[in-house]
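For reference, the structure is listed below as structure tokens.
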């Protein structure tokens, strides 16, 4: 019998969920700004947002490790503020994943907001909706496909992410040892049976979730006409 | 008296709008002008969707915009209803939710217009559960009107709201729009290309041309201003006459109206005796007869008149406009042939013959 | 001629020196393919076009030999890994490593993953021998390989860690700080074995390189980079 | 004679269209009916955008669809121009490229309509380099018309193409649309709510109601069918009279038309003597006089007439329709009061008085 | 002086370009089908397309290695057809990268096509454009932002991709050793100077490319109005 530790699975789900939430919170305003600004900074910000993914995850992880360290650009102030370190913590993982997956969220949202355009927003304003209200009741439901793409890509990428997490997390069981590392370890140590099982489980689980998400979306009104 | 005062200046690469408006904020204010003259842009300015560095917009005591004092009230606090030129329904919401959208965001105390009223007048009951994409053009337009009405706004902007509706529908909806001001005190800025509609509805007109106001004021003044005639198609030229209801003739279904020069018979109007009515008499519906006829005619309204002025005679144009006095001004369009036959001259006493059915009575107060 | 050698990442830097020295001395060239031993093993299993395999352990070359992917009898140890407890801070580690490991101000101690990396297994054995394993587990962070473990420490995210001596002593790195060389008695030897793969059986460069690797000049380089030289007697 | 024959059946959750059409494929075929009756859906079927398992569509000898024989010609090979209810311009192309889009895809030999013509008639010269998003509603509509015209199609479908244009523009564009058939033999299926437009343009009308054709045929027949009157607003009720140009009165700028019952004077028409003209005389523009008047009047057209039929008298309605014979049928709307005063009865000899200016002459051939 | 081998850079650019081209060729019809089909299979295909990214790259690479092997599901028939193996070749890398990056291309395109909708297509058809013509002259220019997102995500992800490439490609200098692996190797062997230089170069290069792409796109007509 193969022996499976399900701890990494829950941790992974937690990480992916937390990351997606943070990604949406961070990505939405950036995407919104990109879609509607006429600032000259736009192209620069657009380019910067897409940059993290050009680096190999482990290498990005290496730089994040330095930045998250006690003397790092981010880790230093963070320690001063919170009293605790960023590296090797769940929070650090979430931050790193967010950083790495940001383009997968910002880009689809940017496209979706552009497709919504100003007209429906103007209509909502004249109907007494504030800008925030309009965002939640008009812009985001109309950009639902963009959100769907963002969430799926963000979540799935965090599930499969590996290099960054490995580097920044320190692979501490129960804290930062996520599923992808567990599967990786099995492959590395030639425990193929366990690797196959975990992979199959992950795929099946993801497939069911995706299927549920997509068929829910299909039943939503917003579709091609 | 309530007043709408606004100044805007907007520049597009190939278009410049510079408008200064001061009109009574009462009834329906029609904005009229050729395609591309800036009507929609003006409406956008009024709504606060287009913002210029020197704009101002004051409705009654509400200062909604005064850039010189840094005032710009956000749209959502302006209580302006806007029916856009295209329906702009929310595609993710069904008709009911579209209608509710603005209604929910209107405080209960200011909800004068009810959902039932709107659904009834616009006849959209059977559309309530449908999504906008599956509606026909006219159906979408009606829902868009309803959605804007349900915010019970202090000012309603309507950009060609009835353009894709059939006459029957228009007839059902127009009286309701007309009542918005009298019942709920909602002044309406109304863009339309349909002069019938404008004449039927408007108390005030604003004539736009290439981004500037070339005429504005009470419709009867603007429509009889000589230099603006080229903007008003001939067959809409006419006099507006203020009358009071004098008598109801149940037998023949007629209403007799009294005015400074006598009486007019019009199709039955459901009005109280003594009520005020403004009617329009189109110049093309007035014939001139040299003397009191001795025979019977189907023409009910035969009035004594004095020729005041004979319009410009244009050799390329078969018609001449005659300004008559019947106790109030009256315009008549006759052929040059008739002019010669009748040998008309200012001061001459004639009879003006008006077909009752051509009358187009309208409430304005 | 040219041969392709698959090399465990931890030995890569040393291996580069060996191949350039080899290229100077012979007409042959060695193309280096680096990766984790596990990955290289899987690739070889599935037909990777490699001639030589320099693993970080004994286990995988042995398996390859058994499975018939490697030439029987060609397997031999080419280096012994040396474990070092290292901290980038000077004087953090006194002469006796155990006192350093019991310091109160350690929040993280980095070791390589004992499951996947031989250095990790050696580090675990060392801690167990010192009787500190249970006490230190909560503070452990695991690098996927020895390079990552080194990065944890060098970036000050972990105060100290068990790294390869080659990383501290190697000519590439003049890292300051303090270190304690773990006595080989505290853990099983980290024997790194190489094997001639089937494809390389007829490759003259591969065979020549295997000969070169046991030559004194090669062993000098290996030693100089912080590895132990395996006792030829123990070659199976 | 060329013929358009089509059968369609389309079912939406709340709407069912079942149409069987067979009309001459000549001139302008107006599709008329209330909002939501299926006009746009019919056009989509004709274009092949909505496909039903039992549809068929044959224009002249072209079988474009015959599902019973498995024939369905792809849209791109159909040579059908379509002006949609909303402009549907390509947002990524400027006006020029939008216009070129269909033009480039039309073989040179079939390009009857030129870019210059279209740009001139629609007055879109100064818009050519602009992007659609920056155009006003009417500007977009004009470009959309131009884009469809430039494919020089064999059949043109127009869904309320002029709805957001001002009268002046309409007057510029309408004659061009009318000429499409006479010059290029392009029959047009034309959806409009504007009866003026339909009367001015259409040779054939198709009346739709709730997804079915309730009347179709030559406009003069359909518009005087008694049971269809409820679909036609009263003030558009009228007779159509075929005439020939008899005389040009340069002095007074009038044209004299001869018809089976005598002569009519209309404003000057730039026509050759002997040319055929069809005019419409609206019932509301006809007055009835009991006997030949002895006095002078500005009314030029005074014709002898016989009362043929007196319409239904409705107690709630002040008007009555009278059908007269003046050598051809003529309709008059008079008040019930006049009816009593004149004591009209079928067979009675009267005079029909028509204001020249109310005439609305139109070419149809 | 640090000594840099630029071979991996060219190889990486070749790989990324080839992958993006294959991705667009493969992704476009899938996205199109997803956007306009009413088939019940839609949600299933949607879910399947998103699946590869939930697996850790190395693990996915492991499975691809098996599939691409001479006896694998794909490698076997491939060998029969072409006479050469798939694994450890450039072609194999392109295939693997395509597989892995597919969701980054399909999802944005799917969203963009949905936003275009049927109306402009119908207009083009009535103007005499065939379906293919319509696709190239109307649908794809209108979906330009979707393509931009797809290309940027696909390209950048292939640049940074690592696990799959390392596994399937075998890190053979001049053949399958791409830049991300080269940087990784430098980091692994503690040659930080080289790693920093290559990373900085990669980032700078990517930044410039992205900036150029985005500002070109900005000058294109299709924007929010």
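In order of appearance the chains are A, B, C, D and E, and numbering begins at 1 in each one.
Keep this in mind: contacts are C-beta pairs under 8 Å (C-beta built on N, C-alpha and C of every residue); 3 or more make two chains touch, one makes a residue touch a chain.
Predicted model only: the values in this text are computed from it and were never measured.
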| item | value |
| --- | --- |
| Each chain counted as touching chain C and chain D at once | E |
| Greatest separation from chain B - chain, by CA centre | C |
| Distance between the centres, which are taken as Cα means, of chain E and chain C, whole angstrom | 35 |
| Inter-chain centre distance, chain B versus chain C - centres from mean C-alpha coordinates, in Å | 90 |
| CA centroid of chain B to CA centroid of chain E, Å | 60 |
| Residues of chain B touching at least two other chains | 86, 134 |
| Chain E: positions in contact with at least two other chains | 58, 62, 119, 187, 225 |
| Contacts with 2+ other chains: residues of chain C | 39, 42, 151 |
| Contacting chain pairs - touch in the sense defined above | A-B, A-C, A-E, B-D, C-E, D-E |
| Contact footprint of chain A on chain B as seen in their complex | 47, 49, 74-76, 79-82, 84, 86, 88, 90-94, 101-102, 105-106, 131, 133-134, 147-148, 151 |
| Complex contact set, residues of chain A against chain C | 58, 62, 65-66, 68-72, 75, 85, 87-88, 166-167, 170-172, 177, 181, 184-185, 187-190 |
| List of chain A residues in touch with chain E within their complex | 35-36, 42-44, 46-48, 50-51, 53-60, 62-63, 103-104, 107-108, 110-115, 117-119, 145-146, 149, 152-153, 156-157, 159-163, 180-181, 183-184, 187, 195, 199, 202-203, 206-207, 210-211, 214-215, 218, 223-225 |
| In the complex with chain B, residue positions of chain A that touch it | 119-120, 122-131, 133, 137-138, 141-142, 144, 220-222, 225 |
| Residue ranges of chain D touching chain B (in the complex, touch as defined) | 12-14, 33-36, 39-40, 85-86, 126, 130, 134-139, 142, 159-160, 163-169, 193, 195, 233, 249, 251-254, 265, 267-268, 284-285, 287-291, 293-300, 315-319, 332-342, 353, 355-358 |
